[in-house]
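Sharing a structure here in structure tokens format.
Per-chain numbering from 1; labels A, B, C and D assigned in written order.
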Amino acid sequence: MASKLKTAILGATGYSGFELARLLLRHPGVETPVMLQRSGDTAVEVNLADMYPAISGNGGYPLQPWSWPELKRQKIELLFLATPHEVSRALVPEAIAHGLRVVDLSGAWRLREAQNRAVYGFHDADGVTAAALMKKAVYGLPELYGDCLPGAALVANPGCYATSVILALAPLLAADIVDREKGIISDSKSGVSGAGKEATARTHFVSVADNLSAYSVFGHRHVGEILEQLKLDSGELIFTPHLLPIPRGILSTIYVHLKQQMHAAEVESCFHDFYSGKPWVRVFATPKLPQIQFSLHTNYCDLGFCLAKDGRRLVLVSCIDNLLKGAAGQAVQNMNLMYGFKEQEGLQ
Amino acid sequence: MASKLKTAILGATGYSGFELARLLLRHPGVETPVMLQRSGDTAVEVNLADMYPAISGNGGYPLQPWSWPELKRQKIELLFLATPHEVSRALVPEAIAHGLRVVDLSGAWRLREAQNRAVYGFHDADGVTAAALMKKAVYGLPELYGDCLPGAALVANPGCYATSVILALAPLLAADIVDREKGIISDSKSGVSGAGKEATARTHFVSVADNLSAYSVFGHRHVGEILEQLKLDSGELIFTPHLLPIPRGILSTIYVHLKQQMHAAEVESCFHDFYSGKPWVRVFATPKLPQIQFSLHTNYCDLGFCLAKDGRRLVLVSCIDNLLKGAAGQAVQNMNLMYGFKEQEGLQ
Amino acid sequence: MASKLKTAILGATGYSGFELARLLLRHPGVETPVMLQRSGDTAVEVNLADMYPAISGNGGYPLQPWSWPELKRQKIELLFLATPHEVSRALVPEAIAHGLRVVDLSGAWRLREAQNRAVYGFHDADGVTAAALMKKAVYGLPELYGDCLPGAALVANPGCYATSVILALAPLLAADIVDREKGIISDSKSGVSGAGKEATARTHFVSVADNLSAYSVFGHRHVGEILEQLKLDSGELIFTPHLLPIPRGILSTIYVHLKQQMHAAEVESCFHDFYSGKPWVRVFATPKLPQIQFSLHTNYCDLGFCLAKDGRRLVLVSCIDNLLKGAAGQAVQNMNLMYGFKEQEGLQ
Amino acid sequence: MASKLKTAILGATGYSGFELARLLLRHPGVETPVMLQRSGDTAVEVNLADMYPAISGNGGYPLQPWSWPELKRQKIELLFLATPHEVSRALVPEAIAHGLRVVDLSGAWRLREAQNRAVYGFHDADGVTAAALMKKAVYGLPELYGDCLPGAALVANPGCYATSVILALAPLLAADIVDREKGIISDSKSGVSGAGKEATARTHFVSVADNLSAYSVFGHRHVGEILEQLKLDSGELIFTPHLLPIPRGILSTIYVHLKQQMHAAEVESCFHDFYSGKPWVRVFATPKLPQIQFSLHTNYCDLGFCLAKDGRRLVLVSCIDNLLKGAAGQAVQNMNLMYGFKEQEGLQ
């Protein structure tokens, strides 16, 4: 039997990192991942099971101090970074230099255009190495870039909102049936885990419960990803995120105009053709629409739509679990394709 | 001291009707309302306080059997109907014939165009009386039709979604600054009380909690109201309702294109001018946006907006409590203007 | 017309303080309260309506800098402290020395026994003034100490949990029908606003939603109040608080043994007799039980019970809104009795 | 390779039945279960994936019409009944007569004492067959009756509340350290899925959200199971269930008196000894307590406790996912032991 893949996670104490740890712990092709924390980390816990008793059944999962020599000693091949973007920006070049492959869950390496990266504070001044690395980085949306993953050294795992929007629109834009001049609108709603684990006035239970709020209108960091991946101009897209009173899940309601009158069956075919053979996208037969509950605790992106009687105005609904298809699940899906595992492995 | 207004409520056992009962019970200008139920009603309770212990502090509120002679005997002047639309459709002509004034909370008398009424099953065949009544009915949005209310015999209280959308768009359309050809989109989200008190698979706690779903895309009954009131063609509006995992509250995120480039201050003025002197609309200073929590348990419609840097694309956010400004509160506001009370009376 | 009462609130930015501000703003016998903040307060907002847009309809409510001369200049008669207990401990003696009457919502002045005060860090070393003040302080549960309120200079507003437990047990203990040796258990559950406005890992939406947890077993700070007020030994009571995934409301399920076999009607009489003439306690006819929803957004304490067939084992259910009867509403009720207002004034 | 176990589920459209279908679909030792529905069933769906789109990724799961010959033709060995108790009561004798083994998730075969069965309407008049079957039925709590499962023809899967209470108390009662005369109290709280899938006024989202309520005090159907399994007299236990505003999960807070003063370490040992080698019970090191979130979506029963300083009064906290350890997960655990699979198989 072939030896199992050796992986490490930096940042397993956050929501996405923990979800990733859970997935890797039961992935049949992967050894128990090494879980690391940097010395400056505020978390004083040294055992993941103390933070997340949900996984404490089989003994503990001690967090080990982060160091390059230790990664080498343990023969780690693949490093997952579930770290703030500025940490990922600093660590990735070193990791690549040490011969590791990396799946980075932050926004640090997703954006090719300098003006889009600016929202993260990354500029051209980052230097030659970063620029060269950025060119080699694969945007880790396996449905679009599956072919590039086997050879990828650095995979930039997409943003959660971006995943839900890009997967809904990619088939239509690829088929060139969207009237982009009329504008595309994504009205997106996310559960609170998308805002991260930090306790703030905004994530306080009393602020979120019995409420709904829009935020970062015309200014969310995921917009750059969506524009770049879909090759849209910034004037062609409005993206409005909302904070839902639920722990997890994203639903994006997306509005597009078609260039010419179409039948619902043609639109449905467009989706089916594009996602043929892609196990983690489910296309709903119109007029059935996805709901957040359907994709929760799964790695699916669920897509559905309604077409107006005029055959031109189209409402798309796209649902994912933001911690799985929107983060950790997609990271494992990327790993599966990087290392020749079955795309569904460890995700069912 | 002038004698107090004598009112009756049919349908006080539903969510809107009960909220209305609560408001009228503490309105200083109104006698304790007579609460009625028809003999065929499934509710076996005969006391409102048994159904809603929240109001049981001061003795009970017995529901009395419905009959025209009884209404006459008790000298009722104003009848509130919180009944299914087909019941309202049948009862209103009789009530008017008996000399009562009516505020109807159902959809029965809101729509002038036959094709819009069709969703409720009301057709021209309803006859001469209905047609004549419909012409006299006032659409009960006090911010738009306040002048017509003192003389109104029949007030059709608006739909909850419709209230949130119309109040957001009316100032812009009145100022003729919206590029209607580019289309208007209202992505609306409502708490579960909007779906009524009937227990269905859809309102089961387990179906709603931790979920979000879109429904009735291109086919919701409130669309006709919005089109008629805003004088839009059906091709100019997309209205998409969603079911939120909260008991009450509506947030509509509305997307419009302006005819020409504007400054945010100009847009803000447009709202302030239109709603000057209107106590139940609050305009938020951009970029502050309303949230559902802010308007909950109040009669306010909260409006806010963000304008894109191009000065053309505008995102509006409109919030109401669907049971107050979206139903019972608005009914009381209508009553206040019908009878010369202060517009805020009994609503604070 | 008599002049209105002049009040001030320190701490109106917290949950209880804000609720208090809301109540006083519409109390017919009270002038618009002066809202104060100390210079060291972290809140940078200077207007209450900025923090709580729900009340922004009628202009703003600026927070004024705290100072004794300013209170004097504005002729404040009654000071509400919605401050941390150590702040209340320090300010109350000064306030009394300045001739103000005080309603303190913290735990600072509730406890007569030094060993019970120890959980707040207050010891005998607090000195003569504190000891003297403590003797004069009235425990602000109006149903028990209503007679002492007109003359009270310092009212210690009870804890929320304590209110729900004491009101349920007081009638039974006064009638001496409880077998205290068999032990009394209060299994209490509270919404998250009871934990305060501070954003912590514990109040993060994702930690609370879809969850329930017990905490501070055998060690909650409200235990001392309950023991003192009910004259119980510490071995006679177990109090177990739980954190509910709701914003507000408390339900206490309380277990007692009766000294001798009784009929349900006798137990019911015991409650009715004790609370005769008390407008803010509702006794439910057994076997109907209170639910949190029934008392939410009201100042009621709702009491109900079930008696076992053996006539000895009794399960009590007590519900309050922790921010109203458990804090701000009770503070206003206390004020009403201190100043001769009707007990319900401003609370309906 | 040995052939896989052939199973069938009647009632896969309910919450527990569906959860069971999900588990069996990915159990490595079991063939795709045959899912059945009786002709009179109200569900018109003929495909499980239509009702629960969450599992629709890999094609559909058609529900087949129920008949004994069909079960025989498909060589079903083990039948799971997730049916109302009266259906289970009627079908089990026939199933046994047809040579099938049965795991019944209803309350039909859990109770040995006629007076306890009376709450389900089953009396001695059920006849000889039922009486004989009842004697052979194994109460399917694997931690207590694991040894009886390999030979069991009929396994009565325990109630959800009962599982949480029995597992918490069994070690203490087995060690004979509980002072039963002082009474045992279980204050239990359950998510709404425990109330079943039927849409009622009680399960309506608006009734449950922002609420907590006690119900069936001194009269819940699970009391009989708890008494029988723990060999308690009815006067020794008070069991009070509450309805939590969450979809799933149970937390029981249990109060007992110890016969003599003990140390926390001794109590902890008592639990560890009793559950040594039992993979699905986790004992928390005191004073850490389980929370509902920790056991959600797992088959664990989580146990923790706090001991008063007097070493006599003990508060236990027991958490399970009511649909897994409280129903479907436990059914699979039972199946695993009936057929010689590893106890954790298909449950991780």
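Odds and ends about this structure:
Following the convention adopted for this analysis, a residue touches a chain if its C-beta (ideal position, glycine included) is under 8 Å from a C-beta of that chain, and two chains touch if they have at least 3 such contacts.
Keep in mind the model is a prediction, meaning the values are calculated, not measured.
Matching the C-alpha atoms of chain A with those of chain B calls for a turn of 180 degrees, to the nearest 5. Put simply, the chain farthest from chain A by mean CA position is C. Two copies of one sequence, chain B and chain C, touch each other mainly through matching residues, since over half of the numbers at the interface are common to both.
Between chain A and chain B, the centres computed from C-alpha atoms are 40 Å apart. Taking each chain's centre as the mean of its C-alpha atoms, chain A lies 37 Å from chain D. Between chain A and chain C, the centres computed from C-alpha atoms are 46 Å apart.
Residue positions 207, 209-210, 245-248, 291, 293, 296 of chain B each touch two or more of the other chains.
For chain A in complex with chain B, the residues that touch the partner chain are 182-183, 185, 187, 189, 207, 209-215, 217-218, 235, 238, 240, 242, 244-249, 251, 253, 255, 257, 287, 289, 291-293, 296, 306, 308-310, 313, 315, 317. The part of chain A that touches chain D in the complex is made up of residues 26, 53-54, 56-57, 210, 279, 282, 284, 288, 290-291, 293-298, 300, 302, 348.
Per the touch definition, chain C reaches chain A in the complex via residues 15, 192-193, 197, 199-201, 203-210, 245-248.
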